[in-house]
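Okay, so subunit A shows up in both of these, paired with subunit B first and subunit C after.
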Partner chain A sequence: MRNTQGCFSFLPDLSDDEIRTQVQYCIEKGWAVNIEFTEDAHPRNTFWEMWGLPMFDIKDAAAVMLELDSCRKVHADDYIRVSGFDSTHGWESLRISFIVNRPKKEPRFRLQRTEGAGRTVRYSLETEPAD
Partner chain B sequence: MNVIDKKAQASGEKRSRYSAGVLEYRQMGYWDPDYQPKDTDILAVFRVTPQEGVDPVEAAAAVAGESSTATWTVVWTDRLTACDKYRAKCYRIDPVPNTPGSWFAYIAYDLDLFEPGSIANLAASIIGNVFGFKPLKALRLEDMRLPVGYVKTFQGPATGIVVERERLDKFGRPLLGATVKPKLGLSGRNYGRVVYEALKGGLDSTKDDENINSQPFMHWRDRYLYCMEAVAKAEAATGEVKGTYLNVTAATMEDMYERAEFAKDLGSVIIMIDLVIGYTAIQSMAKWARKNDMILHLHRAGHSTYTRQKSHGVSFRVITKWMRLAGVDHIHAGTVVGKLEGDPNMTRGYYDLCREDFNPMRLEHGLFFDQHWASLNKVMPVASGGIHAGQMHQLLDMLGEDCVLQFGGGTIGHPAGIAAGATANRVALEAMIFARNAGRDIMREGEDILEAAAKKCLPLRQALETWKDVTFDYASTDTPDFLPTATAAE
Partner chain C sequence: MPVKTRIRQIAALLLVDRVRQRLGLTSETPTLHMSFTGNPGTGKTTVALRMAQILHKLGYIRRGHLISVTRDDLVGQYIGHTAPKTREVLKKAMGGVLFIDEAYYLYRPENERDYGQEAIEILLSVMENQRDDLVVIFAGYADRMDRFFRSNPGFRSRIAHHIDFPDYTDEELMAIAEKMLAAQSYRFDESGAAAFRDYIAARRKQPHFANARSIRNALDRMRLRQANRHFEQPGLVSLEDLMTISAADVRASRVFEMDQERAKGG
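Let's look at the complex of A and B:
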């Protein structure tokens, strides 16, 4: 299955040139750019691993693209996402987040149902191994 | 004027303020053109249309009087109080541009006139008896300035835009939704089918309509159970957090709490209420939502009965301010391009009230005062009613990205089915956001951007083809007074 988290998952996978335009947009807005990766893109897995610290003072998207390249070398078969963080008062959170790398075969999520009284069901999702 | 007063006037003798009898409101202290509003005062501006022959200053003073301490006659018991402080003071009246016979009356109210943290109390004063006052032909509450000291007595939105985005893990684009259609008649099982298809196809959420409560064709428990099955399945199919706005509107608070608790037990992230449940019920549900990590959606059902006509009622910007205080996370605030009333400039004003921490006075957007929100959470405005994928560039340009776009008919009416309709909307949105961020001028190139995206997405191609000519181009009734001509919805 295609995991559709992030801002651009319904578009064809972004090329490096396309990623660069979005990174440049973040930089122009004054946002810090983060690269994060994970093998488990469960919807409640908020904290993906950080590829270094957020890049706070980057002036050029090229620097981010270099970091992305090195991350991809190590985590070619993981999810990688790029996000822009806005430290402005009253926001102090992400402004954008999008996936830039996916496993060749994306894992599925298995829906677990625990039945209760009165036809109620408790739902939980379990990440299935890719194979 | 009573007999004593007439005699006094005839003899040129000034009548004492507290002599028994009737005195003009302006003479009772409710008109004070020299008054300097205090930072702590609540300010209101009314559009006052006096009856023939009624002096506008007296009419405006009467509004101040009747919405604060006055009654129709002098009462000696005023003198048992610090009555100068408690009298609201009309301090300014301006003729309404291009509208003979109507005036904007600015009135200041001392903060001590109001109970902290109660919209019901505020409303009972400001829009209480005064709206039926006979010497006025019509009266409209246009705007209010709520001082920071008063704002801080309210909880504000249970969740707020930022935390909502964090909880849903959705950043950088408007949220996408759809109201399940037909509004009435679907069984719980069929209803859940619509929810599942729409969410799996790419929407973030679906929504009950305002009048979906618990009817013979579908009782509330059945709807909740099938809807949450649909939500959970769609989450598994996409890896995304999904939601459906379960309407908990009911006849009593006990019923609403019961429904909200059930929604929570089933794992819903969001519930909804209708404006018609009343201010107190809304504040109660906002407290419940804060306590239970629940996003609270407000459908503004009923508002047009008193917000739409310019001459009489309450402006929607006042309702927006009250609802931000009361603590809802979402409010329907207009689409501009869709099927429901909404002048672009006025709508802009409502969106700003929801999302900014400070609103400067902007008469052309209907904002009469500076308003500080003192870090109160932000409300997510919702655009709903007659919008479709082909308008994506206009919607994004006018409404910005911190809003919910509800495509009900524009999802469910897609010729290839609900999931295809959802995909069309999601692709159109992502393509437009991408293009905007990449520096393209979406208002000029919008249609090209959509066409290019549609080449790679059949559902979008079908959507654009189906709805390409649909517009709702009617003049708005509630338009700004401070532009030379009214702006038409485009």
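Let's look at the complex of A and C:
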């Protein structure tokens, strides 16, 4: 099932040139660019692992592409996302985040209903085991 | 060949290449890595800065900034420290010019386990594979750079332009001094200029002479003495006085004493 987290996720996958353009936009805005990866792209899993340190003192997107290429070499079959962190006062949060790499076979999620006391129903998303 | 002529030639070549590329006569990016050799204070860093601007204006690099580094910024202190450190610097320089000052220190033949070799290898691969993203300029003394390139043949073939920076003549140094003073709204009076000419001749004979840098430091000290002279002098100081460096400020320099001693001794 195609994972639709972050920006541009309803578009076809971005090409490297498109990623470069987005990253350059982040750099020009003064945001720190991060590369993160995970095996488990459950919507509740917000803390992905970082590939290297946030890049806040670079001038050109080529530097991020260099890191992204080395990350893809190691985590070719994981999710990789690029995010831009705005450190200006009042924001201090991510301003952009988009997926740049997906596993060949993406896991499916299933809605799980749990009956509680009385008429309570609790919902959760469960990753379906890959077959 | 004078540095200015060389730079102009390179700029002309790059411009022509750009036009040829637009007309479909060539397609590959030319190698732009350079080596600047010359004694200290001959303007290598300044020219590198200008070079970054030229390359940026001609569209060969995307950002046009210059990152100036030495061995310490590239080479780590323990195993596994060098590669990330070098990559960090390279990432910072992407889209601009990486200026490696005293590049020959990267290679230490006397220690075969020196981490410099690792930095050199990373540099070489990025210089080759990311020619569109980064221009590297190596700088240092001519003879040591020669030895450096001889022991690392990979560099020689990847560097397109070697520019040699000759020492400045006395006249050139005098012109530089006058320009530096004018930039700060100072000037020599007649005797001051004559004294400074003597100063240049004397300073040149002494060790650690660093061309334009020595001149700049000398001028700083002379401004200090000039200020002190006005401070201790009773009475009013005119605008003219504030702007003028006179012979007294120049002649008080220690360089003259040392020159006389040398004349006596030798």
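We take it that the second predicted complex is superposed on the first by the 128 of 131 C-alpha atoms of A that agree within 3 Å, B and C clash if a C-alpha of one lies under 4 Å from a C-alpha of the other, contacts with A are read in each partner's own complex, and residues count from 1 in each chain.
One rule holds in what follows: a contact is a pair of C-beta atoms (placed from the backbone, for glycine too) under 8 Å apart; a residue touches a chain by one contact, two chains touch by 3 or more.
No experiment lies behind these values; they were computed from the predicted model shown.
If we overlay the two complexes on their shared chain A, which of subunit B and subunit C does A:3 touch? Say first, second, both or neither.
A:3 sits against subunit B, while subunit C stays out of touch.
Going by the contact rule set out at the top, does A:42 touch subunit B (first), subunit C (second), both, or neither?
first
A:114 in the overlay: touching subunit B, subunit C, both, or neither? Say first, second, both or neither.
Neither subunit B nor subunit C is touched by A:114.
Would you check which partner chain A:22 touches, where first means subunit B only, second means subunit C only, and both and neither mean what they say?
It touches subunit B, and subunit C stays clear.
Quick check for you: in the superposed arrangement, does A:57 touch first (subunit B), second (subunit C), both or neither?
Second partner only.
State whether subunit B or subunit C is in contact with more residues of subunit A in the superposed arrangement.
Residues of subunit A touched, subunit B against subunit C: more for B.
Considering only the touch criterion stated at the top, classify A:67 as touching first (subunit B), second (subunit C), both, or neither.
Touch status of A:67: second partner only.
Considering the complex alone, what residue numbers of subunit B touch subunit A?
Result: residues 162, 165-166, 169, 171-173, 202, 221, 225, 228-229, 232-233, 235-241, 265-267, 357, 375, 378, 423, 426-427, 430-431, 433-434, 437-439, 453, 456 of subunit B touch subunit A.
Contact residues on subunit A for subunit C in the complex?
55, 57-63, 66-67
What does subunit C use to touch subunit A in their complex?
62-63, 65, 87, 90-92, 94-96, 130, 132-134
Inside the complex, what are the residues of subunit A that reach subunit B?
Per the touch definition, subunit A meets subunit B at residues 1, 3-5, 7-12, 18, 21-22, 25, 41-44, 46, 83-84, 89-98, 108-111, 113, 118-123, 125.
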